[in-house]
Every structure is written in C-alpha cells, then in structure tokens.
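Below are two complexes that have chain A in common, paired first with chain B and then with chain C.
Entry: the complex of A and B
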C-alpha cells in the first residue's frame, strides 16, 4: 500500500533504453538476488541444527554421526518410557494452567487499558506489563528463587505455574490489547450500551466474543512459552517437578543419546503446530 | 480490573527483582544465613582478580555476539522490510520457528555438529583438511556461535519493526534530490532505523550477558561466563548474596540501556540526520 504512491515518481527518472538499459536492469536484479541469497543462507544457518536433529532422530546408529539406516526405534523407546510420559503430563498441566491464568489476566488488563479512563502512569504500567519480555531469564529465575525462599512460598506445581503465567503475560496482553483497540473504532459496545445494555452485558455479549480469536492466539503463545521454558523452571522447579525441558537437560548432561533427538523433534513439531494455529487466528482477526 | 495483573507483576517480578537487589548488599553469615548488614563486599568480590577475567570475558563475548548479530541481521531485516503479503508472512514465520523452539533443542544439535565425531569434523576429514577427528567444542568461537544463533531473532525483529516503519517516500525523495543508493541509505534509512538498532542491541546484549547454556554445553570451564557463575552460586555454592550481586550487574546493564534509549529518544537524536 505504502509503495503505490511512489511508483509514478520513479517513472519520471530518465529511462535508458537499449543494451545499456538492459544491463542496468540485469545488474539491479542481480543485486536484489544477492540479498535474497544472503538471507536464504542465514535461514540455512538457523535451520541447520533443526534439520540435523530431525535427520538423526531416524538414524539407526547409537553414535550419532554415521548414518546406518532408517529407524523408528528411538521414537518407540521414547513412547514406552514411563518417566517421559510423566514429564510430558506435568509440562502440559503447567502450560494449561499458566496459559489460562495469563489469558484471563491479559483480558482484564487489556480491557482496563483500552476501555477505562486513562490513569496517571498508564504508559509506565504498559511498560511494566512488557517488562517480563525484556528481563533476562536468569534474572527471573534467581529472583523468584530467592524471593520464594525468603517469604517461605513452597516451590511446587502452583508456584511454577503462576511464575510461568507472569512470563507469558506480555504475549496475551499484547495480542488482546491490539484486538480491543481495533474493535474500539467500530463503536459496537457504545451502540449496545445506547440500546440499554449494562457495561457487564456489553462486555459479555459483544467484547468477549469478538475478542475470542485474540484471546485464543495469545493463550496459545502463552502455552508455548510455558511449555518451552527452561531457564526459569530450572531455578524454581522444586524437587520432583520434572518438565520436558528439564528432562531434556538432564538427558543432555548424562550424555549424547539418540532419544534426545527424537524427543526434540517431537517438541519442534509441537512448536510448529502451535505457531501455525496462531498465525491462522491472527490472519482471521485481521480480515 | 488491573488488580490480578498488578498482583502478579508485584509478586513475580517487582518483589523478586527488588529482593535480588537488596540481597546483593547484605552480608552472608555462617551456614549461608542472611545477616541484615549493609555491605559492598559482594560487588567488590565481583571485581576481584579471581572473577575479573570472567566479567571481562562475558562483556567481550556478549559484545562480539551482539555485533555479529547486528552485522548479520541488518541485511535480513532490510530484506524483510521490502517484502509484502504472503512472502513476508512466510519469511517471518520461518524466522519465528527457531525463536520459539526450545534453546536446548538447538543446543543439542550444535553439540552433534561441532563435536569430535560431529559433522564438521567429518566434513573436514573428507576434504582432507584435517587428518584426525577434531572437536570444535570448548572454544570461545563455539560459545559465541551459540550466542549468535540464539539471539539473532532478538536483533532482527526490532530492526525489522523499525525499518518497516520508514516511509518509502523518504528514500525516493533522497534519490530525487540526487543522493545515490548508498548515500540515501547512509543519510536516510540508517539514521531512521536507529531506534531499532538500539532496541536490538539491548535485547541481544543483555540476555547474552546472562546466558549460561551456551557456555555450559558448547564451552569449557575456561569459557565460563557470568551466567555460569551465577548458576553456580545459587545452585552449588549456595552463596546467594554474591550471586545476587552478580545478577544485579546484569539488571544494571538492562536499566542503563533502556535509560540511554529513552534519553536519545527525548533528545531526538534518532531523527537528527534524516531530516537533511
């Protein structure tokens, strides 16, 4: 859209025809392709480890590097591992609890920030809501650890889920806030209240249903954040709470085993699914 | 309606960080008990000859990684800012997937790639460059590689956000006024992307300072960073006071960075050259 108005101006530049113009065009093409090639190379760097991991999760050899044949045995041994199933269940439970909490808090906070009268220090509050994104995870981890033990809060399932909810809060707030801001222009809530609805009725019957895609996509990001979180969990998970990333960490410390590849590949597939659903939802709200 | 979020921010962010900052100034009594006496000892210890190399190493590794991220990431962000529609969505999602994947997953893979029996060692042997298997793990380069890999998206995304906002008409105007491609970039595009550069540098440098996984798995004790030292203080040695002081230094870097960015924004440094 932005580019359109500039197009005619470009035409004003003197056009050189013939062979000279053709070579100029060609060199410009090559230049853009050079940038494209560079970017593809960078993507190659980002995906190399992921590709290697997926490839070797199907490798028959115990020693990782030599390819000895295609096998599913690492996946099989993964799925028959009771400890692994327990870790998976714990991780899912924590992620569900954390994302529900983060979505509920995010919805309330976003509603208050967009619908209620501006209060003093609102900009600062918005920055504070985003602070968990900026804070290096190690600071969160050791901070929570020292604070919990100082006030005597037990390190258990719920304290971990609540901490995850805070780390995920910027994602839900951000996604829901953007949606509520765009809904504000449509004045649908004002119309409902003009027709006699109370604020609560307008919230229940207008705002909430219309904000639902944003709530779901925010909650999905929150779920992924909680599911993948290692550093914070590493510091504050009590004894006996083993989430998937913690399990992967201890397997890695123990030594190189192909099961880790299989496990990591499964986690990668989960991430891709979550991100794809999220993108689809975001697109839906935009159209 | 802000109550739940405020409560969470207070209980799980503000008080924990505040407690760290305070703990760093207290004295560690017998058996790790906390004595409420004000002291600079923990910070002085961080500058001790024993720990100074680690501090300097951390700053230099994090600085190198940030610079590399900027140099590698800027062209990518620039490229992305020219894309539109489906193509842009595809490139962005492809950038997000490694960003959202657990860092452990990629770390494990790098061990396979760089290790003694790893891919690179294999490849170099095939090519006849080295005669026996060599490991690239445990070197500073491996640790920096890990940092660059993890934090590259943290650099690219703010850069992209800033570059995308620059109206194309500005660059066209510069061309109309006789600026060449390079000159237009140097005088218009780059200065206008400075907020993104600042944000990217902060978002890359500060987490690099606190990273311990890269050095833990790709490095050796000789390449340990402050993050490893903090982890060690909290989980092994149980000297939480010293650990808190070290963590406070990272928070200090974050606050300084954000403050500098705020000052620059107020003074309009970012818009300076672009208006020529």
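Entry: the complex of A and C
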C-alpha cells in the first residue's frame, strides 16, 4: 500500500526527455517520416495513374486535361460500340478456351510430376514446363508465328487460344502441383486405394475434388494471363481477330480518349474480381 | 462371444474362413531399398488368423515400410507376400483383403463421418440399406454413434482415430494394418485407446499387424512381437519371451532397459558357466539354456536394473541361487518412488552398472563411495550373442 505513490512518478519518467530525448524523438520522427514519404511515393506512382485514369473515365470533357463534370457517357458509348463489343467477346472466348486447356494440361502435368514414379529427366521435364514464365514474350511470339506459318496452320481463333494456353500453362501447373504435393503427404489416395478404390476411382473421388480449388485458381490466373496478353497476340493474331488489348492499342493511336479510360477501368475491375476469387480459393486450400 | 452384442457378432461372423492350414499372412525374404539406402534387409514372418502381431523398433528400422509392402503401397525389391496362401506380392492395394489405419488418420476432409466410413462399401457397390447398417454398426463399435453428419475436420484427434478405425473395419478385412495409430495422441488417451483397440480386436477376431516404437504399447497389446532393428528382425516372440529371454543385446535394451556388459566365456563344466566380465571380474553360475557362443569367445551379458539387489555391509545376503559381487556405490538418484543406484564393479573401466529398486530403505541416501554388495539371481543373468558391427 505504501508503495503506491511511487507508481505514477515512474510512469512519467520516460516522457521527460531533456535535450537527449528531443534529439532521439526527432531522429525517430525523421526515420518514420522518411519511410512514410518513400511508401507514399512508391504507392502513389503505382496507383495514382490508375486512379486518374478511372476518374477521367467519368469526366465530361473530351480532353484529359480539365474536369468539367461527372458523366457515364463514355461507358455508354463504349457499350454501344459494336467493334468494341466484338473485341470483348473475342477476348473472353479466347481466355475461356485458353484457361480450360491450360487447366486440363496443367492437371495432367502436375499429376505426372507428383504421382508418377521417379523417371529419368523429371527435373528437366518440370523445368522445361516452367520455361515460358522466364522466356521473353517476343521470343514466344516470333517462334510461334514462324512455327505456325512453316507448318501451315492457319492463324485463327484456335491457334491463338492454344498459344495463350501455352503461356498460361506454368501458372496452372504450379498452382495444381503445390496442392497435389500436400495431398500426397496426407496419404488420402493410399487410403482410398486401401479401401478398394482403383487408381482412377481414387483420382475421381478424392484427388480431383480436393484439388478443385487449386485447379480453379490456376485457371483464373490463366484467364487473366490470356485476357491481358498483348505481345504474343500481336504477333500471331490472324486478320480479323482483335482482342481487347490490341483494340486499346489501336485506339491509343488517336490519343488517350475517355473511351480508352473507360475501357481500361472495366478491365481493371475484371482483373480485381479475378484476383480476389483466386485469393479466396488459395486461402480455402490452405485451411 | 455369447454375451457380445448382436452387431459385433454379425461383424465377427465374416464369411466362413476356409479351413486352410497355413498362416493368414506370410512375408518371406523381403528386401527393399530407397535409392541407395537399404531399408529392409531380408525380413520374414507370418501372422495367424485372429492374431495381434506387433512390429516394434526404433524409428527408421523398416517397420512402416514393411507394413506398406503388405498393404501394397510399396513393391518389395525381393521376397514375396502371401495372403491366405495366395501370392499377392505384385497385387495393387485395392485387390488385397487388407485395410490400413494410417498414422495421421488420412480421413477424407471433403466427406462427413458417415461418408468416410461408407467409402469402401460404396466402392464395393453394396446396397444402400446394407451400407447404412454396416456404418451404424462400426460407429457403434468405436463409440461414435450420432456423429454421422459431423465434418471430420472439426473432430478431436482421438475421435478422428476412431473414425479411421471404423472406416478400416467397415469393409470387414481379415487383416488390419495399423501404422502407429496412437502416435499423435497424448499419453492418457493412448492408454485408453490401447485397451479399447485390444478389446475390439478380440471381439472381432480380426488379425492385427500393429506398428509402434513404444515397447510398453507392444507389451500391453500383442500376442507376439517382432523386434526390428536396422531393417532386420532381431527376435520374434511373445511379450514375455522377448522380455525375459531376449536373443540380442539390442532386444534386451529396447524391451525395458538393461545393463549390457562385454564378457568372455572362459569355462563351461557340469552345467556351470564361467564368465569374465569387462576383462576383469570373473563369475561362475549354473546356466541351463543353450549357450550363444563357443568356449573362449566373446559375448554380451545383459542384466536388468530391477534385477540387481543392493545390500550394505552387515545386511543378510539374498538366499541361494545368486551371485554376489562387491561394488562401490558411485551415485544415487531418487526418482520419487524408484531409486537408481549406479555401481562401480570394475577397477580398469569407468563403466557403471545401474540398479533400480522400489525399496524404501535405499532412499535415505548413502554417501557415494560406500562399499556395497550386489546380488543377482543366476536366472537374471542373460547371455547373448556379441553385438554385430
């Protein structure tokens, strides 16, 4: 009881700083302020252009300089533009076809990498599958173009979808492979076969349902990869196939119009939705 | 069996077993390597119908791999596996009448309890009604009735273990393989589950092959124990055989603890052996069992700590049929009810011999360095082959 009076004084002590405390505080302040400024600068550089773009897609004026009032008219004209609608449809169709192909092939590749008995050159096999991730897309584009023209394959919807599936394959394989590895550790397929399931039944009833979140999240990544691909598409898209990124590029030739802003904003929203679904799926697999 | 409930009777009265003379399972000459490491170096044993056989050994001794070869998850490099007289060596796991309880349960997380237990029955395409009665039966057996609709991911470790057991039993295998099934449970729960598992095994009459590294568990549950060490079998026998008549110093030390001394057989006459311990102390005593080595050769001598009784100067010696050796008390450690005394028998070696006793009189500590007498009954001195390598 007697000690009580000392307690408040002790609490106060560190606040009285004197000269030493002041300089320390200042340097700490400088440190945090410096860090804050750096972060603000970086994030500003990252996201301010996007914010400006989204904002100006609602701007009444035709030029991107002054703000004259809020409007939806660019979105309206975008959605009434038949060419634009066709480009959007083409892009979506190609992205769906490419992501389905990439997911299916990714599943097979991941299964081989994790379930097949060790074979010679398995490391090389896995590395070669991941190579498109590192390869400059120009190389892919040129290579595919000369391949298609040499072999005599027509440059059409399907050749483009296949090319996109190829670029997206490392993403689906990686996502599914991680999941299959963790499933392998838990002996679930062994347990199913132990109870009488054939390898195929174990795959259908245990592996596939449990790998589904990883397959979907891989496919979503593949979808965004295909959706936004410009370089490869630019090289090998045949005549008459115009995807969204190509369309935006051609529109840009006439300057950054509010329609381009509106279009880019739509793509941004789509990407955010896809990434959010992907995140939640990844979280689900981990739990 | 007469008072067993109808459900277990139904479970136990599996298809009538053919009156085969051979064992239920026979493993012969199994060899298995992973890369360059030889995990199993020639293992053979058999399991009789309804027997509880334990594969016991320290981790990495090859017991789990042996189990996986029996289940069909791994293929042996050499050797054969016979199930009910049929060669199943190369058969895939789904064509073997054997089910496994996995160490980490391996329950299907996307199924509820009922669907987990029913999995094998649905694969067999049993009629729906029969599946329902069977699942109810086994869940009743493992005391989890009423949990059918629960998700397995929200159950405790003990409960998951019971579901894994129920799932393996639902298919009514003639042989159940259990891979350290209680390893992840805490001690108290483990003791409970040991008794329960043993009771279930007796009631159903299914043969169990049980893998564990816990010798107490093996002693408590098994009909016979197979002791593994470095991919080989050191000894096969009933728990009391393995404990009382260990064949090797590894077994002696692994089953309970033992003082392992090096010795040399220097004489054998009229049923009496003469042994030189640690090249120093000579003892002579009658020995009835066959000797592990020829005269003049080195051997191992194992004596269990609880079989050495210590007396002080002036105490009455143990009456008859024992050897008495003078020693110096090197250290005394009190572990609550048990007292451990370290005795120095030898002048040339610092090796001490441990004696463990529950006697209260040893608890009032004597000073280290006190001369004492150690009495060891003849039959408690185990003569073993010298340690390999």
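The rule we apply is simple: the second predicted complex is superposed on the first by the 249 of 287 C-alpha atoms of A that agree within 3 Å, B and C clash if a C-alpha of one lies under 4 Å from a C-alpha of the other, contacts with A are read in each partner's own complex, and residues count from 1 in each chain.
FYI, a residue touches a chain if its C-beta (ideal position, glycine included) is under 8 Å from a C-beta of that chain, and two chains touch if they have at least 3 such contacts.
Treat the numbers as computed from the prediction; the structure is a model and nothing was measured.
Aligning the two structures on chain A places chain B and chain C next to each other without any clash. Partner contacting the larger number of chain A residues, of chain B and chain C: B. Applying the stated contact rule after C-alpha superposition, one finds that A:220 touches neither chain B nor chain C. Look at A:56: by the touch rule set out above, it reaches chain B but stays clear of chain C. In the superposition on chain A, A:98 contacts neither chain B nor chain C. In the superposed pair of complexes, A:196 makes contact with chain C only, with no contact to chain B.
With both structures placed on the common chain, the touch criterion links A:206 to chain C but leaves chain B unconnected.
When both complexes are overlaid on chain A, the residue A:260 reaches chain B alone and has no touch with chain C.
When the two structures are aligned on the shared chain, A:241 is found in touch with neither chain B nor chain C.
Think of it this way: put the two complexes on top of each other by chain A, and the tightest Cα contact between chain B and chain C is 20 Å.
Residues of chain C touching chain A in their complex: 71-73, 92-94, 98-100, 102, 104, 106-110, 119-120, 123-124, 167-168, 171. The residues of chain A lying in touch with chain B in their complex are 2-3, 5-6, 9-10, 13, 35-36, 38-39, 42-43, 45-50, 52-53, 56, 63-65, 104-106, 108-109, 111-113, 116, 125, 128-129, 131-132, 134-140, 142-148, 150, 162-163, 165-166, 169, 173, 224, 228, 230-231, 235, 245, 248-249, 252, 256, 260-261, 264, 267-268, 271-272, 274-276, 279. The touching residues of chain A, when paired with chain C in their complex, are 186-188, 190-199, 201, 205-206, 209-210.
Looking at the complex, you find that chain B touches chain A at residues 1-5, 8-9, 11-13, 15-17, 19-20, 23, 72, 75-76, 78-80, 84, 89, 91, 93-98, 100-113, 115, 117-119, 122, 149, 152, 167-169, 172, 175-176, 202-203, 206-207, 209-213, 217, 227, 230-231, 234-235, 240, 243-244, 247, 250-251, 254, 258.
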